[in-house]
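Starting off with a structure, shown below.
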């Protein structure tokens, strides 16, 4: 037992836990504000939106950033979770009085069903790569919502009416965020995470090293879909009715935007970007009313283009360096942070997972390459 | 039969849009999500010219000129600074551009649907089948444009340079090809094709709104992938296939509500059978 | 990518969230306590696919507010109107509702589309806030919600009416409806049920939001009908009319209130006769209508459609009820105002002469008004 | 099979779209042998590696590892059975650290088993396997003198060290047979010399059988016991190295007439 704690202690690094600490602190503060009535409802709603956006962004990052497959159908998994989870919740409300219990059960069930769909959509991922897989996931999302739209049992075009949880939903949602972070960070920082990143970096080499590529690809899609399904159930408890039109590919793309802006392969980045984009959207929606509403997308588009060009344009690298606050921060905080930059002297655990790249070469992912065994299939084996 | 012809003419519109996607993808290696919105801009160009009492031919010319200029402008302002950056960054910029164009259109023209009366043809009856003339025109002219494009790419110096850039950008550069210029030309041609697509679009569906481009855009993209993205005949084949499937599915009452699902299922099935689309090029990864 | 940068970014995100706390002081039950004007709110799709409906409602409501304020408001207080964009989604309608409610909204015109109005109305019902939706016609929006009313016809009523009208006058009947739209499918279902009851057969074609631009297939299938029933909105109906012309189909087109505004979509090629049930006719010579149409045209430079008229009437209904109850406290809470409005509006002697005709309401929240049938292209 | 070989191929061949890339290959490699595969460019050397590791499925013939038929198995299974390889154009996990690269190689070892859910929940088994893997990886890196570099990103290593890391990673999968695809390519004479020593050391220490492709005849003749010379997808010569260099057919293929 003591050994176990020693292990935990050895692998402990503030950096890996910063997200937990910040979110927990934030959750405690905001929950106490909300429960004592010092937080207004729209803020609580914003927090719920931020929570499910974080869940969506981080779970998508697992597929895009770590596995290296482009998915444009994340809203489809959310849709499955929202419809089926809330459908179950509607029934459970009649037999279980506790709203929390109903929410938890429906989240698990909604997540599991979404995970099954994740498995199904993971199957083409074994055969397809790059844009081809991206369009298949997009197609999946559109198919799912078209089907739900036409089911009378789910309310058809009117959408599925749900029972709202109440504005303190954000507390539950943030606890789910924390749990998800524990699961996903731990997964990523384990031998399995290593295998997944290895597949992304070089699938051929990963296979040659005996990594079961099929298993891990499906596993990642299943885990990612599971959490997207949970996000869907939270959404359904936040807004009624659950309407098919919300889960269009535009929403999938919005989640992808969060992942890309937060740097692929960076979980903390996804969290920040998800919070930031949801916040910007919320402010634009609530502040720009009436005649100004049309300006919303204009502003949003300009923000998006500016951020991306500023962050990525090779020509702007020098400008970026000049404007960077990093040196200043180093000056101010540098003396408080002891950090050896010589890799040979670093503690083993420190360097290992720090080095998950924050920017990966998407050329390889978005290329026409497909696997050699499917392209250049040799002629049929001669039967004797 | 009539449904089939409607499908073909819708398909030729999809094909024209899909050509834009495919060419830009093949040469600039990026998904231009704003392509659908260029169609929308084209339709507003037609609308404005007609409102100023311009001749329909003038309106079409205006659409082509404005779309081409816009395509080049977007390339210069939004995509060129990102040359060499990760394709996903470019993808997100393209989405930004798409939002931008839609909101500008809404700010200028309002959100409501504007009717457009470009041209009217009385219906013709051939062998007991009523056929709308505009459908035939889009079909014929669409096929003509695509043939010209294929000839252009195959037999002109510029066209061959485009093939070279799409095969290997770095090598093309070493051969003295001005890659930036080729990419610009590609955007210009793609946008001009979009302008033609919007002309046929408003001939058959005589109205426009700021979100006009999004759904045809995504379906045309699907068509491009079905045909094998990067392949010009593939885009035509995919577009026509999508159009026909959509129309046939819509004409069967039981299937009609599931049309979109059916189209996308078709895509998935085709890709599972042929992972690079119907006419897509296979590329070998050397081990 | 240093740890520092991430921490700083995190801190920034936190700080931004903290900004929203700035607005929340002590717990209060009456957010309207500091109002200096009466505040009417609502949400609607102001961007995206459905934005034309939302913007029409917004503009119509604004005309009503302008008119009220030009006449001196109520008891010396003017009216303020604010509409938030909900992109026709439930989540954004809920967000918009809370923002408005906390900004001091005292009465509302609900939401424009049925889906988001369901979301809006469920919240309004919890808070006891008065809502009168201009255009959310789905039956479930007002069901079991005593504080929620509507200006438009309910979907089922129109369906029944159309079924009776068509089965009595025509032989071969066809219908085209939008499976993805609650309004359209709501009317259609009632229509189909009534037709089954009357034992009349008819053909149906459908479309949905993803392919609502091109109707050649549907028209082709129905081109031998005497009449095509179109429980859809005017933009799609306009396209159908033109497609029918191009296909040489001369069936009569019959629609519901959504068809209002179709005149602006037609051109000289369309020869089919078009009829629709509507409470609003922009060409009417009724005094209220003329006044509204003139004001609207002067301000927005286009003819108002039925959504605009409904928006106008929703605001007018709130104003007239408040005027009748003589509300004089500008800081009245939403709950108190709601009680007053509900009892006033459902009273037997309350009758609103609006742009969409003379209206009365009962406890169910449904509006009673006389439909008229507008006929276009009747020259044949 | 009279004698037991570590690797035996029987009439192994493959054709792409009718073109016979490789045909009629009969290799017999005994346990603990250092075996060379040489031949001019395009002779089909790497193709043979791809056949033996399951990248391609052979169209004719069979191959056996330690007497077990592995023909038609996929890459993962073949690796599990005990064949590991390096690549001609280095294929490291570039965005991962040096030690992580080796730990990926250790992934399937029985002693480090830990299911994903145990890792997610950080059960004790996770830490045990992780620590054990790390120690094992360090040992392997030490053999190649890469211990100091273990926390660097793989892509930041100099070329020679990348080659070594690839070998270390392949060894981590605990193979019976190690396939090295041009291990000395791009190395200077000193590094080559060092590599030869390392290869011998690996054979002795791990009791390994090694099959290598190489252009550098000096390297092959200094290291290997036997060679197979390939030309146009068929084998010209099987046997001792010394004799190969004097075989007229081989000389013809290499130098031309």
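Labels for the chains are A, B, C and D, by order of writing; each one numbers its residues from 1.
Note that a residue touches a chain if its C-beta (ideal position, glycine included) is under 8 Å from a C-beta of that chain, and two chains touch if they have at least 3 such contacts.
These numbers come from a predicted model, not from an experiment.
K.L.:
When the mean CA coordinate of each chain is compared with the mean CA coordinate of the whole protein, which chain is closest?
P.N.:
Here the chain at the core of the arrangement is A.
K.L.:
Taking mean CA positions as centres, which chain lies farthest from subunit C?
P.N.:
D
K.L.:
List the centre-to-centre spacing of subunit A and subunit D in whole Å, with centres computed as mean CA coordinates.
P.N.:
39
K.L.:
As a quick test, compute the distance in whole Å between the mean CA positions of subunit A and subunit C.
P.N.:
Centre-to-centre distance between subunit A and subunit C: 36 Å.
K.L.:
Quick check: how many Å separate the C-alpha centres of subunit C and subunit D?
P.N.:
The separation of the two C-alpha centroids amounts to 72 Å.
K.L.:
Roughly how far is subunit B from subunit D, going centre to centre by Cα mean, in whole Å?
P.N.:
49
K.L.:
Multi-chain contacts in subunit C: which residues touch at least two other chains?
P.N.:
Where subunit C meets two or more other chains at a single residue, that happens at 46-47, 51, 179, 208, 210.
K.L.:
Would you mind listing the residues of subunit A that make contact with two or more other chains?
P.N.:
Residues 142, 146, 149-150, 204, 294, 296-297, 372, 376 of subunit A each touch two or more of the other chains.
K.L.:
Can you list the residues of subunit D that touch 2 or more other chains?
P.N.:
55, 87
K.L.:
For the complex, give me every residue of subunit B touching subunit A.
P.N.:
Its residues touching subunit A are 25, 29, 31, 33, 78, 81-89, 92-93, 95-100, 102-104, 106-107, 111, 218, 221-222, 225, 229-230, 257-258, 260-261, 264-265, 267-268, 271-272, 275-277, 280-285, 287.
K.L.:
Taking the complex as given, what residues does subunit A use to touch subunit D?
P.N.:
So the residues of subunit A touching subunit D come out as 3-4, 7-8, 11, 182-183, 186-187, 190-195, 197-198, 200-202, 204-213, 219, 343-344, 346, 348, 350-352, 355-357, 360, 372-373, 376, 378-382.
K.L.:
Which bits of subunit D are touching subunit A when the two form their complex?
P.N.:
Those in contact with subunit A are residues 14-18, 53, 55-60, 72, 74-76, 79-80, 84-85, 87, 91-97, 99-100, 103-105, 107-108, 112, 114, 116, 119-122, 124, 126-131, 133-134, 148-153, 169-170, 172-173.
K.L.:
Name, in rising order, each residue of subunit C that touches subunit B in their complex.
P.N.:
Interface residues on the subunit C side: 46-49, 51-52, 54-56, 179, 204-208, 210-211, 213-214, 216-218, 220-221, 223, 235, 238-239, 242-243, 245-248, 264-269, 302.
K.L.:
With touch defined as at the start, can you tell me which subunit C residues reach subunit A in the complex?
P.N.:
Residue positions touching the partner: 1-10, 13-14, 16-17, 20-21, 23-24, 26-27, 46-47, 51, 58, 62, 81-85, 88-96, 98-99, 101-102, 114-115, 118-119, 122, 138, 140, 178-182, 184-186, 208-210.
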